[in-house]
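Structures for review follow.
Both of the next two complexes hold chain A, though its partner changes from chain B to chain C.
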Partner chain A sequence: MIDEHFAGGTSPIHALDPRYRLAACLLLSLVAALARTPQTPLLILGAGLVLTVLSGVSAKLVLRRAAAVNLFIIFLWLFLPVSTPGMPLWQGLGLTVTREGVALAGLVTLKANAVFLCVLSLMGTIPAPALGRALTALGAPAKFSFLFVFTYRYLHVIAEEYGRLVTAARLRGFVPATDGRTYRTYAALVAMVLVRSYDRSQRVYQAMLLRGFTGVFPCLDRFAAGRRDVLFLGCVVALAAGAVWIEWLAGRGNV
Partner chain B sequence: MSEPLLELVQVGFMYPGKTVPVLSGLNFRLEASERIGLYGPNGSGKTTLLHVIMGLLPPQAGAVRHKGRVMTTERDFREVRRSIGMLLQNADDQIIYPTVLDDVAFGPLNRGLSRGAARELAEQTLAMLGLAGFGDRLAHRLSGGEKKLVSLAGVLAMEPEALLLDEPTGGLDPDTRNRLVDILAHLAKPMIVISHDWDFLAQVTDTYYSIQSGQLIRNPDFILHRHVHGHPMGDHEHHHH
Partner chain C sequence: MHISEGVLSGPVLAGGWALAAVGTTLGLKRLDYDRLMTVAMLSAAFFVASLIHVPIGPVSAHLILNGLLGAILGLAAFPAICVALLLQAVLFQYGGLIVLGANTFDMAFPAVLCSLVFGPWLRRTGTVRSVGAFCCGFFAVLLAALLTATALALSGEAFMTTAWAIFLAHLPIMVVEGVITAMAVGFLAKVRPELLSIRLAE
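So, the complex of A and B:
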C-alpha cells in the first residue's frame, strides 16, 4: 500500500543519522522556499541534485516523481506570466506576457524542484518509523509523531482488511461495473472498513491499556550521531548561510 | 494462607441490549502455578471473563480481587495489568509500533524502565522466543506466526506474574504452534488459556474449565481423554468409552 521506494538503501545519505537528515532537509527547504531571487533556489537545487545522486535512488523513479511535481508547475506557467503586472514581453490574443510574470513562474519552478530534490534525497530516504522518532527527537509534539507512526502501522492493516473484503466479494461473483449496484457494493465495503477500523481502534486501545499505557508515549531513542553526521550538517548549514548571504547581496543590489 | 493472585467473587456481567447475562455469580481463584485451560462454544463468555479480570469491562456485580484487594478504579487495574499479562486474539491489535523492538519495549517503558533497560529487556525477550535479530523488522512484513510470537514477546517483556492467553493458536501453522507449546510449557507462571484446540490445552494446561450459564465449571480431566484421540499423551495408558 505505502511503498517506500527510497527508504531502503546503503548509500552515504542512507548512512546518515535520520535526525540530521531531517534537520538538513528542513533548513534547505525553508531557505529555498523563502528566497526572492533565483540564485538561492538554484544553489539549493544544485545541492539537492548532488544529494539525490549520492543517495543512489533510481533515476527513473526520481524522474517519474519529478514529472508529477512539475505537472502542477505547468498550470502556474499557464497563468502566472499573463496575470502578473509588469513589463510586456509579448502581446497577442488579448493577453500580455510580462517579464515579471515569467520571472515569477521561473522562480516558483526553481523553488519547487529544489525543495522536491532535498525532500526526496534527505527525507524520502528515512524509513517511516525512524522518521517518526526523528520528528520526536527534533521537538515535534509526541502526539504528532505518534499519530504519524500509528497511521503508518495501521494503514497497512486497514488496506489488508479492504483487500480481504474485496476478495470476499469477488469470490462470490462480484464484478465491478458502472452501475448502481457496483457503487452500492463499494459503499458497503468502505462502510465495513470504517466500522472494522473503529472496532480495531477500540481493541488496539485495550491492548495498549493491557501493557500499562497511561497516556504518555514512550520512545526508544535509537539514534547515534557520529562525526560524519555533524560534518554533514555543518556543510548544509554553511550552504544555507551562503544562500542567505547571496540572497542578501542580491536584495541590496536591487534596492 | 496467603491471598491468591486473583480472585473473582460473585461476578456478574451483561452486555448492553442483551437479556441474558454472560457471567453471573461467577466465583474463581487463580492459585500460584495453576495452569487453566478454558474452553467452550463461541459467545459463552470466555473472552468477556478475561476482559473483566483485566478491568477492560467493569463487572455489574461482584468483585475482582487482586492479591486480596478489591479492584474497582482504572488506577487499581493498572496494578493488575502490571502483574498479569494478557495476549489478545489478534496480534495485529496488539502490535502497535511499525518496528518490532519499539513494540516489545512499549510495556517496559510504560512500567517506567529507562530506555536502555527497556531496550535490553525487549532484546532479551525476543531472544528467549527465538526472535533474536527481529528488532528492526517491520510489523506489517511479519508472517502471521511471527506476529503472534512478537505480540507474546510484548506481553512477556512486562515480566508478568501470570498470563491470560486468548486463543493463542488461532491461525498458526503446526511449527509455530509447537514453538508456542514449547515456550508456554517452559514458563513457570500461572496462566489461563482460552482455546478450542484440545491438543494444545492438554500440552500447556492441567486444569480445565468451561463457562456454563455464566458460571465457571471445572471439568473433570477425563473429558479430554474421551474425545481426543491424536493427543500427545496417546501412548500413556488411558481409557476410551
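So, the complex of A and C:
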C-alpha cells in the first residue's frame, strides 16, 4: 500500500548530508514556486532532472509518480486557458482560448514539475528517520520531528492492520457500492482502525517509559557534513541566485 | 484536496505558512510527550484512511475525515495534518514544502473549528450525537473546500473558474463524509466511548 522506492540507494545524491539536501530542496522549490516567468522554473526543472538522473531512481517509477502529480495540472488545463482574460487564440463552442490563459497554464505546469523533481530527488531520497532529525537541525520543533518520525514508523503497521480488516470484510462477501451498507462498513473499518491505533499508542508509550524514555532519542547515526556537501549546497545556492537573476532580467523584458 | 505546488501566488503561500505555523505551534504546545504518541498513531491512522476510496455513484473519492480527526484531536489536528501532508510529499511527492502551509491550514482549521462548535454534541447521546457528528464531517469538508477555493481565487482572477469547480466537485463528498463520520462516531461511542472525550489538546 505504501512503499518508498527512493529512500534507499548508493547514488551520489544519497551520499549527501540529509540536512544539506533538505535545505537545497527548500531553496530550489521556493525559487521555482515564486517565479513569474517561465525561464526560472525551466532552469530549476533542468536542475531537478539532472538531480533525479543522478539519484539513480527508476525512470518508470518517476513517470508514474509524475502522472499522479500532474492530474491536478490537467484539471487546471481544462479551465485556465478559457477562464483567463486576454488575447484570443482560438474561438469556438462559445469559449475563447486566450494566449495569456495558455501561458499561465504552461507556467503552472513548469513550476509544479520543477518542484516535483526537486522534492523527489532531494527529499524523497532521505529516509524518514533521518528527515526527522534533519528537520530538527533546520529549526523545526523537536515535538514536530517526534510526531513525524512516529507517524511514519506506524504508518505501515496501521496500513497492514487496515488491510487485515478489509480482507476480513471481503471474506464475508463485502462488495463496495453506493449504498448505506457500504458506508456503514467503511465507517466501522475506519473506527476500528482508530480504536486499534489508540490502544497500540498506549502500549507503545508504556513500553518506551519502561525503557527510560525522557523525551530525547540518543542517536548513534550522527550527521557529518563534508567538503562535498558544502560544495553541493554552494552550487545550489549559485543556481538559485542565477535563477533569481534571470527572473529579474525577464521581468524587465531583457530576455 | 491538495493544491499542487506552483499554483498559488507568493502572498497566499506566505499567509498559508504563517497561519499553519501558528496553529501547529499552538497544537504542539498543548501536547506533552505522553499524548504525542497517541497523536502520531492517530495521524498515521488518518493517513491510511485517506487512502480509502469510497464509491459515489459511478466515480469514487478518497476519504478526508478531517472532521473526525478534529473531533478526536482538537487543536492537535494542526500538527497531525501537517505531518500527514509532509509524509505525502516525502512518500508520494504530492505537493511540496512551499504549499504545505496553505494545504495544512485549509484542512486543519475547519477540523479545529468544527470540533469547537460540534464537539460538545458528540459527548451527548442519541440523535444529538449523530447530528453533531454529521455536521462535523459535513462542515469540515465544506469549509476546507471553501478555503482551498479561496486560496486559488486570491492567487489570481484566472483561477476563479477552477475554484468554483473544486468547490462543486466536493459537494457530494461533503455528504458522504458527513454520513461516514456520523456512523464512525456511533461505532466509537459503542466500542470505545473514551476516544470521543479524550480531547487531546484543548
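General observations
The criterion applied here is as follows: the second predicted complex is superposed on the first by the 208 of 255 C-alpha atoms of A that agree within 3 Å, B and C clash if a C-alpha of one lies under 4 Å from a C-alpha of the other, contacts with A are read in each partner's own complex, and residues count from 1 in each chain.
To be clear about the criterion, contacts are C-beta pairs under 8 Å (C-beta built on N, C-alpha and C of every residue); 3 or more make two chains touch, one makes a residue touch a chain.
The structure presented is a predicted model; accordingly, all values stated were derived computationally and were not measured.
In the superposed pair of complexes, A:169 makes contact with neither chain B nor chain C. With both structures placed on the common chain, the touch criterion links A:211 to chain B but leaves chain C unconnected.
Looking at the shared chain after the overlay, A:84 reaches chain C, while chain B stays out of its contact range. Once chain A of one complex is fitted onto chain A of the other, the partner contacts of A:220 are limited to chain B, with no touch recorded for chain C. Once the two complexes are laid over each other on the shared chain, residue contacts for A:198 go to chain C alone; chain B is not touched. When the shared chain is aligned, no partner comes close enough to touch A:97: not chain B, not chain C.
Once the two structures are superposed, chain B and chain C can be ranked by residues of chain A touched, with C on top.
Look at A:244: by the touch rule set out above, it reaches neither chain B nor chain C. Within the superposed three-chain model, A:129 lies in touch with chain B and out of touch with chain C [touch as defined at top]. Common to the chain B-facing and chain C-facing surfaces of chain A are residues 128, 150, 152-153, 157, 200, 204, 208, 213. Across the complex, chain B meets chain A through its residues 51, 54-56, 78, 81-82, 85-86, 88, 90, 92-99, 101-102, 105-107, 109-111, 115, 118-119, 122, 138-140, 154-155, 158. Taken in their complex, chain A has these residues touching chain C: 1-2, 4, 25-26, 29-30, 32-34, 41, 65, 68-69, 72-73, 75-76, 79-80, 82-85, 100-101, 104, 107-116, 118-120, 123-124, 126, 128, 131, 141, 143-144, 146-148, 150-155, 157-159, 162, 176-178, 182-184, 186-195, 197-198, 200-202, 204-205, 208, 213, 215.
Contact residues of chain C toward chain A in the complex are 2-8, 10, 13, 24-25, 28, 31, 33-34, 36-45, 47-49, 51-52, 54-57, 63, 65, 68, 72, 79-80, 82-84, 86-87, 89-94, 96-99, 156-162, 165, 176, 179-188, 191-192, 195. If you check the complex, the residues on chain A that touch chain B are 128-129, 132, 149-150, 152-153, 156-157, 200, 203-204, 206-214, 216, 218-222.
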